[in-house]
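Each chain gets a letter, A, B, C and D, in the order it is written, and its residues are counted from 1.
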């Protein structure tokens, strides 16, 4: 079977580099196009990332030689790739939306990591284990915009992926979650490069991450929501409060979670059983990047830990631990996932795999 | 005025070393006696801590030469010191209680950092800004035990000192607090020496600290409680839930706090004003180790931070920040204090100053 | 082909755990026997390492269930494994020597990581890329001790493996090295577990590692030496001076190296060419753990770096960089290798592979 | 006595902030003028450093309110301050030289931390314990430039201050040093703010600091040199080779030093005695920032350490340890100083104190 040719927008940034690292030897996808800002355009990728390649694996020769395109010049992308990963790290959301739309308009689907389109009412925000049925919106999106084969699909913030699937697994079994307190200890790589200055985090932690608490409190409501009247309607009845902290850890976002259930409350053993047995569509379809067991419960009293658990199932599994009664709500636990794999490039690849398998990318 | 001679039990451990560091040049107290386990007994203090002195200031010559006593041999302490700081780090609480009682019985008051006596119904657990009236129990304690001039007074766990005074300041103004969610990011020095192995915390955080969540949830209820029928009765009507994490920071415990008030709810401006104006007995008595302003509000969006705020007012002030509405409860904020100063040796010294000023140590 | 059954002595320590991690899916070897001290004996391996498993990969089920033997009871090992890896971390060298000899005497070859036998005159200290011909001593060793099939072979200190092969590659091409200055920045994992206390290394570095400078200065002379009169004779004419420092890095020892050559001095381009083309016996024999390219030169101005280069070629390659003129000697450069892979368990496995291929383990 | 009014150029950067922190309560000096680039000009200092104040002590009220001047507009400085500290961190040396000269021309002496004028043949590069007689060049400098009361005096690179005074102390006693090998482990604060990205140094060290090795090898030759024919002539006969590394430490540069002496070689006991007894002009003049004992020998086997020794004598003393024979040269040791105090702002203040005492600043 011939591999599907893919492009990466924002290829020189940290997320773009992670896509390049993770797509090496992908069974379905093959990188054929790399685009970045004007500064990098027309250089080889090797030149463009000189002194900025942050991955712990060397750059492959065939990637080094690719001539970087200008993201704004779509003519270079057409015919070169069947779809693109959008890995922009710039802060101008309006600009990102414009570029992503332009690719979609030109029949190039966009699988995006950027936050620009997360609130767009006809753009699906996917966690394939939770809301694959949200893909139904794509036809509406195409119709709304007058697009033919192109569309935009996004993934949510990296931080909430550390725990939301574990919470969803319980909801899916009929245990309504009414309130959720979250405190996070988030890794440095979540801030991109150069990101956090070392003087700000050596012998220190930071009690603030710009915009992160808002995303953590709002995005789950769309993910858990449903399509009504041709647009997404937020999930009702779940209140979320998040404290987000930065800690001196390279990769892996850890969260402390407390849950209040509705009237029907699961016992601890039942919860562990639900997590252990949880499988969803990506597992059933046996997608290449799908973790075999999406939720791993580690019974040691001091786990999960970022350095020791982030790489579980190639960084795509969520690890939970310390399930215990909560003095105020019902239960509490700690949860962790790899923010640049599950929470970013790996999650984007899984989204793309689902889109291919479901026939949205042809 | 002649200085009061003091002894330190458990003088060779981390807490003991901190007492020695902080008592240097104390205007009222002078170290005259150091005691430790049999291993260290009869050595000079310099020999006893060789290779184990962890402080960032050199050991003073006059301390170096003190011959370390055996904690179990009280005859050596009698006449040498008016009271002792108990800085034991051993885990055998029964043994600590026995030793502390023995000193009290021998007319040597014990100002303790150890957790052994924290639950004892006639032993006060002091935060001088919160519950100085708990000292009234001492006469009952002496009567109960048949002691003459000796007694035991303790301080609570280091972690809760990062936020409890800030919460108490609001309660004192009539804003009842019904529920409190806490997540902590605690420093390495809280675990003593050698404590946390570097391989467990380099590029990592730990979601568990043995016994810490229980202490954080129970001790405030005694501190906020009152004396009834000659013993302490826990405060009623406050529920606390704590997640405790260890982070790679040398000193300074940070806490994320969410509060639910009763019917009367303060506005943000009112809270900031209460904190700014909060003064208590240690400030009124102008005790040497009392912070001038016990609660400092830092208005920068990313504060408090351990490395930058732990030393405020010589490590005795609590720094708070990020006061904002909570999606589930009423308000939330971050709070920090220096765990080995305010939370340990400095707090113990402040307790002793209060006990002297109030006439309990003569 | 049936796999060769192997045992691990000291299986519960850090080095032992690394052997277990690295031997997973080894094409030639299969773990069949695990032994440790009396404390762990007769427990399952899972029980024996409960709370102490430090690897970032989960323990395999088949390893979990192995009943740990007592290292001193060789009867349990006989027939169970063809050879053993000795991964002792205890400090009593005399005891290690005794145990290792006992296995050798019982026809079980010992491939050792321990330092106990490194100075023994008829025990080879192997870096397979440098001195495979030192295996010739094994027959003499067996004769000296009256052993039949058993023997002891050791690997050198982890630190010197970061640079010695790069230096040897030049010597092999006829460029005599007369003097070598080394300064190391060594990783935490080199000290075992619990090893370095976090309070000693957070916001800190340590200018001292016990015994490390002596090993760095003496062991290369044996490795580069030759067999004369049935025993090893040290290499003459190379003076080494080493400063060894500990830094807060999980894995990967970095060294700053300055070399003074004899009369024949290589140019920088020549050196880079020699390193690039260097292949030795492990590469020729295509041993499973042999790096394809043993010495990788990274031309970026700020490399090698521990986190980014330690995993090169699965942690078995040495990475060098910053080759430049030295103001006092001739040239200087930085060099790095993974201390627990190349420098410990991975190096031990490569030694065993060579011993199998050369017929010493049958 | 009225305090001398001083200004700070580059007041908003890290070095400038350190000057402000250290000059608090200085017995002779009082900050009266702060200048920075156009961006900060005409703002209050509080506004100008909002979100960028890196010190661990709060900003004083009287400093907060100072209106920041534009460094290029000297008219605002004239009459406001008797001299200025130059704390520029910009990389354009030509621009710095121009500005510093302009202040000097306007009768405002410049005590500089910047490297711009370090190589200028009539500008003294001072370490007051080593070369106070270099101040004699100032009259020549003034004459060369046609300046009246103004002049420029600089301090050397922060890194070499960790060891050069200890080496000089031996030279001063007649022990010629012929060759010196240096390897440094340098702190993050040496790179300014934001400086090193946390992702580059978490679980990592960097084997390269731009320009640092050149400075370490060349600047000592000027410092140890003498004035001949009205300009500085480098010291002859000392060869230096430096490897410079960055480590995850907030403050404190550590160096590993190996020395080759001329024919006259000191014994270890003699060296320790020389260091212990070393006093120089700043000590004799009892300058406020002069350390009482400039060179402290710590006899513990694992010292000096950055976190534990950098604050010795308020960060102005140099701490040495691990004195031992070198296998190649004669002796070796480790040395440390606080890079932002002794090596930057504190060193600058000591220079200014000497200049005042010697009558150059009136």
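The rule is simple: a residue touches a chain if its C-beta (ideal position, glycine included) is under 8 Å from a C-beta of that chain, and two chains touch if they have at least 3 such contacts.
Note that the structure is predicted; figures quoted are calculated from it, not measured.
Greatest Cα centroid separation from subunit B: this falls to C. Distance between subunit A and subunit D, defined via averaged C-alpha coordinates, is recorded as 48 Å. If you average the CA atoms of subunit B and of subunit D, the two centres end up 40 Å from each other.
Between subunit A and subunit B, the centres computed from C-alpha atoms are 43 Å apart. Within subunit D, the positions touching two or more other chains are listed as 54, 200, 202-203, 248-250, 307-308. Chain contacts here are complete: no pair of chains fails to touch. Within the complex, the subunit B residues that touch subunit D are 51, 54-58, 202-203, 250, 300, 307-309, 311-312.
Interface residues of subunit A facing subunit B in the complex, by the touch rule stated above, are 179, 181, 183, 185, 200, 202-208, 217, 239-241, 243, 245, 247-250, 254, 256, 258, 301-308, 321-322, 326-329, 332, 334. The touching residues of subunit A, counted against subunit D in their complex, run 54, 188-189, 193-203, 248-250.
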